[in-house]
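Next up, some structures in structure tokens.
Two complexes, one shared chain (chain A), two partners (chain B, chain C).
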Partner chain A sequence: MKTAFLAGALSLLLPVIGLAGEYNLTVDRVEIDTGDFVKTGIGYNGKSPGPVLRFKEGEKVSINVTNNLEEMTSIHWHGLILPFEQDGVPGISFPGIKPGQTFTYNFPITQSGTYWFHSHSGFQEPDGAYGAIVIEPEGREPFRYDREYVVQLTDKHPHSGDRIMRNLKMMPDYYNREQQTVGEFFSDVSAQGFMNTVKDRLAWGGMRMMKADVEDLQGFTGLINGKGPDQNWTGLFQPGERIRLRFINSSAMTYFDVRIPGLDMTVVQADGNNVQPVSVDEFRIGVAETYDVIVRPRDEKAYTIFAESMGRSGYARATLAPRDGMEAPVPELSKPARLTMADMGGMHGMDHSGMEGMESMDHSTMGEMDHSEMKGMDHAGMQDMDRSGMKGMDHSAMGHGSEMSAGGASDPFYAEGSGLVPTAANGGKFLSYADLKAQKPLYDEREATREIELRLTGNMERYTWSINGVKYEDADPIRLQYGERVRFKFVNETMMTHPMHLHGMWSMLDVGAGQFNPVKHTISVQPGTTVYMETEVDEPGQWAFHCHLSYHAAAGMFRKVIVEGGPESAQAAEADTEKAGGEA
Partner chain B sequence: MSRGISLIAFVVLGLGLMPAMSFAQERMDDTTARKMPLKIWGVQFEEFEYRYSDDDEELGSWDGDIFYGTDDLKVRWLTKGEYAVDEQAYEKLENQLVGQMPVSDFFDAKAGVRFDTPEGPDRTYGVVGITGLAPQWFEIDANLYVSEEGDTSAELDAEYELLLTNRLILAAALDATVAFSEDREIGVGKGLVSTETGLRLSYDLIDRSFSPYIGVVHERKYGDSEDFVRAEGGDAESWFAVLGARLSF
Partner chain C sequence: MSAPRIVIATLAMSVATIAMGAGSHQGGHGHGVSGGKPGEASEATRTININMHDNYYEPESIDVKAGETVRLVVSNKGSLVHEFNIGTPDMHEARQAEMTMLVQHGVIQGGTLNRGMMEMGNGHSMKQDDPNSMLLEPGGSREVVWKFTGSGDIEFACNVPGHYQAGMYGDVNFN
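So, the complex of A and B:
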């Protein structure tokens, strides 16, 4: 009697002391105006992007999602650690949310930082179904700021997701308008000589691969917080303030290189987890990644946030200003990126006869790039290693010498001599994965119990994408044992960059920093490279694991992961009762 | 005593939960569209044009296809024809229905039937062929036909696109037919029968859906086929100015 009373009183108190929050989201057909075009799409609470959901670490959230569409929907909480039934992937976590249905997600918030949410059904996410999540930490953060803004990027395309998928399947270069032309042939002839240019074209033509194949999807308008470049989303500040910018890349397909001319950016978080602060002039944000940076504009003037796509086919732009209406110059787009033979280095079964000069690339030199050897090496050492590796490689013998990034820019997370290595527009510091070190280790350091190799595979001409050569439709699940620590080895055998996202458990990217390896949810694997990540298998259930490029995932670069064992019985029972109560 | 009871309770409870546990591990099978083969359809017309010949002949001409299917199997309807405006007759009318499946990274094999129903005698053929992308970006389509009369023939179609800019494209196409036996009734002699060579300059006006072009086409018949057409008072060789559009949906 007495205890019941006490429990009742406690439950009454719970909402008051803020340990439980109820949130409502409706999934709606909306109109999206990018400034360049107007398009119907899908949004939340009547808008795309949806609202910024603000949670508190330690809170138990209850989110009612009402589907006002005439099709099934779902919401996946990208990067959140939660029971798998709450993860929102139809067919893996739950059946999905039917038209007219309200589904209630219930889960505890056990982390803090910047995340996002999006539909995991069909192409609703590229069609506009995404929003931001900001989780306030329980304790103090190791950095200070006076004001914060979410800066959520996307690549809004005039075509619907279904149409884009169909077009890519029909003609993989449908959207590629940066292909090499006759004009480029002649400019290459004058730069590199006739024979070199002909050899180069024959080598690529022999492989039936395009140097210009950096972005599958061009023709988009880059949006920041739903605003196109001309609509110019503006965040206000007072000179001298520290501003925390929470960058989220919610694009379907586009990597962005982000800079704010005139401002240093201090990266303090990656994928929601604190990193040791690193000051940069520019950074590349992969699809589905988040980076939190702190900037401190001291002058009473406007600054442009400029995010150009990795292939340089488009950009997003916003402004930080002391007053509304102020603007700063918008930089020009850089020259289109071109792949090099180095980016093809990982390709399997490639026709080597067409690749004269490639043979002379010493494979032992390439071995130096192997990230497994980076373990325990400090950053300075790594840079040295790169340089020596570069020197050891005979550029002229490659016959593509001029394609090597000018100035020998290199990054251990790109193939040596890759055409994709980013450089800062102002010649300054460009963030590398190698710069990311966890602020605090999340797990005790221990040896991985086993290694799983995942070759990222595909056929560009057919627009099929797969893992280990098998598409999701034909694949068995990846089975993990609760309690093990798995080392995933990604070998990218394609010429595209793939942002690999494991749901439900953290991905510790091996940058060679041991227990200070950064804790992420999405890991970019560049063409022709091998990247390792480790995962503590500490969440039972079943989870999605896929390339976060929407059309790659849909074409088959996707897996189900089953975690066997663990404290599942209790959780399953709990989830069942919650479901019964929540699905009214 | 009480310890014993709780132990029993624990075991019973545990046993009771066991099925739930195994059920949870295989909680649900993915039966969503994502786990199914992706089904794609498309309509493409490489050529859809008006032709004006050096003999003042006017033709409407097309070459296109419609497909539906998955990565592993597609059904494709290919259609090709020439309609003479003055005669109000189909000089050429070919329809093929084929199944198509991948045989290598860049090539598909196809097999099916072809129906020719132009002005004059009709023919039905069985067809096998390959289609795909050859090194150096040549689009190749090669077919072997066997008619209901038992005559065999082969056709090779090659196309190359030169990008003057990313939207202004010069496409060269060569189509050659060889017959392994004579079919006099339809004017086919043994050996090289005919070639059609085209050069078309197109501009992608709306995405790649609508690309108007101008061009020239050269048609020629050879050997016995040439003699047959001359005997009937026809032209063995023609030049055409063409105006049309490449279409895809």
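So, the complex of A and C:
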């Protein structure tokens, strides 16, 4: 990075041989029409989503961002490897961009693939401040296609991000339309007085939410490239052509299960990095992830791109067709997923992870739960739970309750017996993280120099989300040493899926493929699971590390990472930024 | 490269007729279209070099005359196992199902070809002995003398799962 930084600095002083591109973005108040509702939001160059920025590997870009809002803004280049001052996180990389100000980002493009950009200020991103980045590689790609489209998903909600956060804080199930018996359940339990004693322990696991709490934000309209299902974004093709679809999930909160009935999709890239191609019928895209797939429609007909939310509360829809105006049938939403005992991270945590405040959750307590708590749960409409599963809880066989598995599907990245394990609508192949293998290792293989455990924690009742039980404001930064290789252990002790995003450095997801572990920027950690990733700490400076669900990040599931040591020039730059921050 | 590979190559040649019969039956659907057949070295008019990369061929098409016999020298310059297979799109599709099985059984693992695992016992064999197919590990190189018997929709392709779909195939253009 030293050379890259020097090169970056030099490029400011003299015209360097090679590519240099200048780009302009304005940050504007815009109108967003989903077909279901119209709202004002935030966009780039007058639109939401903003433009597709097309860069070339090896190019030095300079991007002028003009803030036309009446509040501070920022742009984060999601997944790009760049000097940390260019990363666009207010308070960590730079002070932010003031109203009326134009800030110029300068950085070299050292990678290729599909990425995206978004505001890192407040809830501007859920309000519409996002766009796509496509980087053409220097050499040829390990696959080919005749045409390509960006397919950028989001979950557009009629409420503003600020309002959603207020409502969630006030009543965490405010947007959970499936779940209607919370009040009942609590009144029952509190009448018994039992809840008070174990309230915290149960609340973090959100036991009351267990059935339908797959999504904590419902009531959105799924958009593809800014178009709602009825507005039907359409990509044209000639039969027989190979089409590269660059899927980007820019949602605030929503995971999507994506399929194109009638077409195999060959996944060739994940998070901008080439993977060994794998053909699937369907895949799940986590918030902030990208997947590039190649499809080859041979028939002169329309195909529906169908993306239903993981909790089946909404969907996005688009069309691939030989001519504009052609349509294919739009599938019905599949049956909603239901969390099972296996998804209750707490069930694992209680016995194995020694979470704070959970030590007393021994078998006798569990017995108690059986007698009072379970009754309460019955009242809360737990008809899906069968008795054998309940018995399983008594015997610390939690998490092994395969009898509770939904449909027998399994995936090593979901808890055994999880109700969230996705299955393909046509009974075919559903992509698993376990299928992802790097096309080419990015780093030499070596053993991690140390392991850092990050427990993903939360208290659903108060809508607080945290890491190791501590929210961002109260937490010390994570300090890494330049040159080390860190193994991160994520232990999800909540009942929600968390897409964890480390800025500035790659996350190599451990799928058991050694050197061929896939290289990502965002890693989903399912409820009740432990997932490992490794990072070569090769970028100096300070970086953000957080859950990419907007309202979880804002609630505190967020850390600052400080990389200590490294090239001297970068340390000098760090001091400069702090100075600049002081002036802001 | 190694002794077993030569044996397999030899075997491949010796069962040529049987295998090709199966091949054209499988993929040709009676249209008389097939990839051709192993040719006589003495009839080879020229040599065509084809390099396999991750995951594409170089070149991505070759020009031949109907009935021409050429020497094809195929080299795997990539870091993954690749196949060079001459056939129709239908033949390739059928072959992809077989290859999926090879991957599931661990015969092909990224850059490694476990030839020992092709003999599975119980009389089951996954020996790769079609004359129109070669499976090569990274760094591997082999040649085949091939007679392109007819015209039609003939491709050379890698049927390692996902590779064909990603675009690892080339056209055989008949002039």
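Just so it is clear, the second predicted complex is superposed on the first by the 458 of 584 C-alpha atoms of A that agree within 3 Å, B and C clash if a C-alpha of one lies under 4 Å from a C-alpha of the other, contacts with A are read in each partner's own complex, and residues count from 1 in each chain.
Simple rule for what comes next: contacts are C-beta pairs under 8 Å (C-beta built on N, C-alpha and C of every residue); 3 or more make two chains touch, one makes a residue touch a chain.
As the structure is a prediction and not an experimental result, all values here were calculated from the model.
Visitor: Which chain makes contact with more of the residues of chain A, chain B or else chain C?
Guide: B
Visitor: Quick check for you: in the superposed arrangement, does A:N459 touch first (chain B), second (chain C), both or neither?
Guide: The answer is first: A:N459 touches chain B but not chain C.
Visitor: For A:V268, using the defined touch cut-off, is the partner it touches chain B, chain C, both, or neither? Pick first, second, both or neither.
Guide: So A:V268 only meets chain C here.
Visitor: Let me test your reading of the model: by the given contact rule, A:F117 touches which partner, first (chain B), second (chain C), both or neither?
Guide: neither
Visitor: Where does A:Y472 make contact in the superposed view: on chain B (first), on chain C (second), on both, or on neither?
Guide: A:Y472: touches chain B, not chain C.
Visitor: Based on the superposed arrangement, let me know which partner A:R140 touches: chain B (first), chain C (second), both, or neither?
Guide: second
Visitor: Look at A:R166 in the shared chain and tell me whether it touches chain B only, chain C only, both, or neither; answer first, second, both or neither.
Guide: first
Visitor: Based on the superposed arrangement, let me know which partner A:G96 touches: chain B (first), chain C (second), both, or neither?
Guide: First partner only, chain B.
Visitor: What part of chain A is shared between its chain B contacts and its chain C contacts?
Guide: In the superposed arrangement, which is not itself an observed complex, chain A uses no residue for both chain B and chain C.
Visitor: Show me the residue ranges of chain C that touch chain A in the complex, using the header's touch definition.
Guide: 53-56, 60, 79-80, 110, 161-163, 165-168
Visitor: Can you tell me which positions in chain A touch chain C when the two form their complex?
Guide: Against chain C, chain A makes touches at 140, 142-145, 242, 264, 266, 268, 276-279, 294, 296, 437, 439-440, 513, 516.
Visitor: Where on chain A does chain B make contact in their complex?
Guide: 84-85, 90-92, 94-96, 122, 165-167, 169-171, 174, 177-183, 202, 205-208, 219, 349, 351, 354, 459, 461-462, 464, 471-473, 540-542, 554-556, 558, 560, 562, 564, 568-573
Visitor: In the complex formed with chain A, which residues of chain B make contact?
Guide: 17-18, 20-21, 23-38, 40-42, 44, 71, 102, 105-106, 133, 135-137, 162-167, 207-208, 248
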